[in-house]
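For reference, chains read A, B, C, D and E in written order, and residue numbers begin at 1 within each chain.
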Amino acid sequence: MAEPAPLLSIQDLRLAFGGLQVLAGVSVSVGRGEILALVGPNGAGKTSLLNCVNGLYRPDAGRILYAGEEITGWPPHRVAGRGIARSFQLVELFRHMTVLDNLLLGRHIHMRTGIFTGGLYWGPGLREETVHRRAAEEVLDFLELGGYRRRPVASLPYGVQKLVGIGRALAMEPTLFLVDEAASGLTRQEKEDLARFMLRIKHERGVTILWVEHDVQLVADLADRIAVLHYGQKISEGAPAAVLADPVVAEAYLGLAGRG
Amino acid sequence: QEPYKVGITAAITGPAAVEYAARVETFRAYMSKVNSEGGINGHPIQLGYEDDRGEPARAATNAKKLVEQDKVVLLVNTSVSATYKPVMATVTEAKTPLLFGGGVCPQEVFPPANPLMFCTTSFAAQIDSDFAVRFMKEASKDKVRLGTATMDIPIARIGIDAAEAVGRKIGIEIVGRVTMPPGTADFTPFSSKLKDAGANWVFAWSPWSFEIGPYEALLNLGWQGNYMLYGHQQPIDAAYPRLNRENLYALVGASILAEGLPELKAMQEIAAKHGASRLDVEGGVAAVAVHEALKACGWPCSREKLQGAMSGLSITVKGVKGGPIQWSRDNHFRTEQWYKVYRWDSARQRAVTAKEWTKVDVAEKLKELREIIK
Amino acid sequence: MTASLLEVSGLEVVYNHAVVAVQGVSLRVPEGRLVVLLGTNGAGKTTTLRAISGFLGSDNAEITQGTVLWDGQRVGGLQPYEVAGRGITLVPEREKIFETLTVEENLATAVPARRARGESRRESLDQVFRHFPVLFERRRQTAGYLSGGERQMLALGQALLCRPRLLLVDELSLGLAPLIAGNLLGILERLRAELGLTILLVEQNVAAALKIADYGYVMEHGRIVYEDTAPRLLGHADIQEFYLGVGREGRAKSYRDVKQYRRKRRWHG
Amino acid sequence: MSRGTGSPYLKTTYPSDAALLGTPVRRFWLAVFGLAALGFPLVGTPVLMDLLCRTAVAVVGAHALNLVTGYAGQVSLGHAGLMAAGAFTAGILTEELGAPFWLALPAAVLVGALFGVVVGIPSLRLRGLYLALSTLALHFVILYLASEYQSGRGFATGLLVPRPKVGPWTLAGATAWYYALGGVATLTTLFCLNLARTRPGRAWMAIRDRDVAAASMGVNVAAWKVLAFVVSSALTAFGGGLWAYYLGFVSVEAFSFFLTVEYIAMVVIGGLGSVLGAILGATFVTVLPYAVDAIVNLVPVPDRVHTHLFAVKFAAFGLLMAVFLILEPRGLVSVWSRVRTYFDLWPFRYHPLKG
Amino acid sequence: MQLLANTLALASIYILLAVGYVVVYRASRVLNLAHGELMMLAGYAFFGLVSATPGHPLWAVPAALVVSFLAGVGVYATLVRPMAGHPLFSAVLVTVSLGILLRGLVLLGWTADILYPLAVSGYKNVPWPLPGGAVLTTIDLLSILMAVTVLLALWGFFARSRLGIQMRAAAENPLLAAQRGVNIHLVFSLSWGISTFVAGVAAILYASKVRLDPEIGVIGLRAFPVALVGGLDSLAGVAPAGLAIALLENLAIRYVSPLLSDVVPFLALLVMLFVRPWGLFGTKEEIERV
């Protein structure tokens, strides 16, 4: 029985900064339409792994295959052009732009407007703006951010900024969504909203999600599978219940708090 | 009484103020002397002045204001050569005579002269250089090994080019040349290049700082040769006693105070009486020229009439220049240029003459130069 | 309650001369206690903490009303370093470390607010490294390259080196793995006992925070809407539902339960 | 702080929401302003007209600098050099080949664009001041070339550039120039406004705010950075060409580093990253020295100390600029937006708390 | 040999000026474009003091330096402090305005004439022959000595106190530094004071050797690339950068073209920047990590 080919397949990825081995041969794959959660202690290399997929870091060794194509070492904008979006741990929004402009920037890869059509703002330039404005508005609506449309993001509370970060990625209409700690700093109530959005993204939009998160309950409830990273190595992978029950994981990652 | 309106755009502040501020002050002092004596033909002179800071764009605006709005009959430019073109552009459109009274004389006043443009200053890059180089050859017993120093502005480079061409022609060895960028902080590297090239004469033709700077650096390096520069009256007067060196030659087109001539002393008193803190001869000469021109124009004086009057004017400034400044139809520089060379006598603590006033026929000289430089 | 070390009353903060972020906020933190500040996003928690620790004149934020009393004295109009000099130290939500300095240099910037009893700088530094061994390993690394959690540890380490009397922490366990986050609360509790540290905490891990806290405030839309002792807060039905994720029936809710795509009312800015 | 253009609920289409003149009030004020501008030559003195013409040229240059520095966040100190490139291209083509202005100006734009590629490339590696340094190098190189040309061809004091001609008609006189330059400045403004609110502007701002994130969103950072330099330089060179034609001459000394400083002052005083700011800043910096002159001239002084007044004016200019920056470090647009907020909120002082 | 001597003399002036840029930049990320003019001001203060107290020229030196230090602190307190937290560009422009203001004031006070403080003081700048046939003057030797002294003193100062680190912290994030208890205003005023103090040293030497006029501020601009090449926030970088630029400049004058003497070193350094985009010893100011 042939397994369907995974959407993203990471093979034996290695990355070091100076003497520090951040990723020491990690292999992980994400199937189409699934949510794979990536957890692990601080500094385990989770963000670095996302950075490698996304092209911000160039791995020292290993391969990254996306939809059958090798994308190892591609520059980030090319990776993004293939439909891989991401959100960031420290938000990384365009602070002086409005929420709407942040989302419209997410539409960048779908737009063609150049200097002349843009400068004229007439004919094709105007039509394109309108079409993509509509798409951005849909995302605003979806994430219930409509009221912040014209606010510069720097003046928004942290929780809203996290959502804008997700919205910006969604505006790209990605196939694969790399999420880095979307829930940190949110209250329970807001996490519930987030959970709702993520499930809808998965089910309604059919987006595959690779999700780095520290909130174990959130991850356990939502993810299809969990992989655990520890000092640059994968120490466990599988269904949430099984992984969380794994004593190795409990010791390295969860400690006492995890079971509480 | 209705006045004669004269406008002046000058580098009163800004980087070039070192050169021009004193010139404008003297000019203004002289004008107020004329007014205090009842003006010209019973009409006072109304002087409108604007500071251009040596910036072309400001000079353009100043010229527009003075010519188009204040309706002056004569515009005077006492500023850096960079401001010439914009001012020329304005006066050409408005057909107003323009006098270069303080800066270098531009191409346009030499024959065939632009009908609107006149010049009173002695600085004429190429002719100055020619005279200087010939003097060096004449004054020195040994073979002249000439080094040249100039600031990197187009007009100064043209002068030095001429010096080298003439030098080669009359059998002087050109051993080195340094062109110094305007922001130069330390002249020593330039001077040591000239020294190491073995120059026994150095000629400099630039704004003052770039003439005296390399000289002092050469002194600091222990150089013993002779140095010749264009003697800007005001600063050379200060430099001679301060440096107290005998090998510093100053080529001038106007006398300097250090020589102690009574005519200049008188001029200095007039300036002081009318509020100029110091006397600048070129400023004074320009003022005399304006005075003479307006006198010749009579009353009423239109721009056209003034231009006509100026085209045949002859201005004598006794004791200051070796001969008159004479303008003709196609020569608005002067038909004859007079030069003198000073050097410092440290025993007597005053400037002495190294070469007395000498006449150069401008038209002929230009023809000759054109051939040499080609 | 005993005399409060920190007393905020009637605080109002306006951003950009136009947006009111916090209005009429009053809260008290008694000496040696641990108080938590809860609230949804945009409630004004960060703004309140920043108001206490002082805005730099240029932040485009100003306190338009209310007072902040510290040990009986007003600290309202003081420069942040003067506030810090009196023993109030803030661990901010963002921009909490100097990215271009190394970890070691980051720790060296802290100016202790008071002389520790017989404890040298070296020893306090060792103490920080004991709490956060990772920092020791990374001590020569440029701090900007630290991972999210490592940054948080560094920020806390810096704050502790200031030897504060009052520690303000904005989002304590932000980005920290559960193991460390759990330990950290333990460390804070110990510091409070050992050094007599007073703590005002903003924390989303409400269950754990309330367990060690003495008192809590709940903020919403710029105002304090509810306050009580920690145990009573833990038992409050709304807190249970909105902050602890305990359903009406008293069972822990699963995040999957939100799948019905229910729309919740939101108050937008 | 950027704010909504009126309430979105009154708009039925996205284009109308994004329209520049979305409300009747705005249209009204624009019409008033436009009429005033058109009628100005009836009352303007030659000096005022000249000042406005120079402001219009400055507006073009300020927009150009604002695109690359304000929007794309790349500091450029090569502005004067690039203006010189444009001015000299126009000047040389007219002088040497007798080219008409409708050929010389586009050529200037083209040369500017080429130089834009040259300055843009270092921006891929260098940041901030270090990048600024490399653009300054370009300034020196261009001025060196221009100065070699000038002394090599015997134009020691610069080149005269004749008035532009179309057929029998010559562009001359203050009024004609006023309309011509005013029109050009208006079109440039529109062009920049449109760039700013469409894809190119967003890409540039994203690079300015956080280039790593921009790259992750699919923006080809390198290409867009270079493009920003190209567009800006082309526009700068265009401004340089206009300068040459309007002032009627070119010479190296006119494009000193101080000119760059003036342009930077324009965009900063106006408010970085704002089209309106560039206009306000260009006006402010061009007019301020003359305003200072006018004010100082009101003080009666005896004739003999008159020359000292210029030093006073010089100092006063510096002082005023410093005072302005201290009072309004975010520039004229922030004054503008404060005034607007005030009227938006009236009769309240603040946005009331919601919820 | 003379080439090396010239290099040392020029480098020492460059170093003394570049130090000022570095110290202010390091503490506040503000680029002080009035540095040259502040130096000029110190020169005029020196001239004023020398002429006011005939017969006691040496006394004027420390007095001028104190004036210079106070001027720096004053500038910070009145002009720069209000700019804290506002766009850096504006702060930089304030310094540009300050430069214009100072030039105007000096014009008013002393006119545009060239002045020679050394001539007033009665001392002489005499050439000293060195081994190898090179010549340096008294003032050249003094400048070299001062450059070395200043660098060592500052290095000692920053290495011993934690002030160096606090300055860098304050530069990156003043609010956070303040929250950590760093008295940022003290740090900033001190850095301005030190910067102008050292500029004062340079001014006295330069004005004594070359001249004094309202335009000598431009050499401040020439020392600026030195600071950049060394790494704007790095004191250690100033010395090698100063030497390198001075050497390149001398080489360019001698072997390439004097005309290009201010451009050639500049271009050479640009090439270097491509290899080390943050200067020889500078630290990276932007972190590319998410």
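The rule we apply is simple: a residue touches a chain if its C-beta (ideal position, glycine included) is under 8 Å from a C-beta of that chain, and two chains touch if they have at least 3 such contacts.
Fair warning: this is a prediction, and the values are worked out from it, not measured in the lab.
With centres computed as the average of Cα coordinates, no chain lies farther from subunit D than C. Inter-chain spacing, taken between the CA centroids of subunit B and subunit C, is 74 Å. Distance from the subunit A centre to the subunit C centre is 28 Å, each centre being the mean of its Cα atoms.
Averaged C-alpha coordinates give centres for subunit C and subunit D that are 46 Å from one another. Residues of subunit B in contact with at least two other chains: 13, 21, 152. Residues of subunit C in contact with two or more other chains: 16, 19, 145, 268-269.
Multi-chain contact residues, meaning those touching two or more other chains, occur in subunit E at positions 86, 103-104, 107, 221, 262-263, 285, 288-290. Chain pairs that touch one another, listed by label: A-C, A-D, A-E, B-D, B-E, C-D, C-E, D-E. Residues 288, 290 of subunit E are the ones that touch subunit A when the two sit in their complex. Across the interface of their complex, subunit A is touched by residues 1-4, 8, 13-15, 17-18, 191-192, 194-195, 197-203, 205-206, 208-210, 212-221, 227, 231, 273 of subunit D. Against subunit E, the residues of subunit B that register as touching in their complex are 13, 15, 17-18, 21-22, 152, 177-190, 192-193, 196, 208-209, 212-213, 216, 219-222, 234-235, 238, 242, 277-278.
If you check the complex, the residues on subunit A that touch subunit C are 17, 20, 39-43, 47, 89-91, 144, 146-148, 151, 155-160, 181, 184-193, 195-196, 199-200, 214, 216-218, 221-222, 253-258, 260.
Of all residues in subunit E, only 31, 79, 82-83, 86-87, 89-91, 93-94, 96-105, 107-108, 221, 225, 228, 232, 260, 262-263, 266-267, 269-270, 273-274, 277-279, 285-286, 288-290 touch subunit D in the complex they form.
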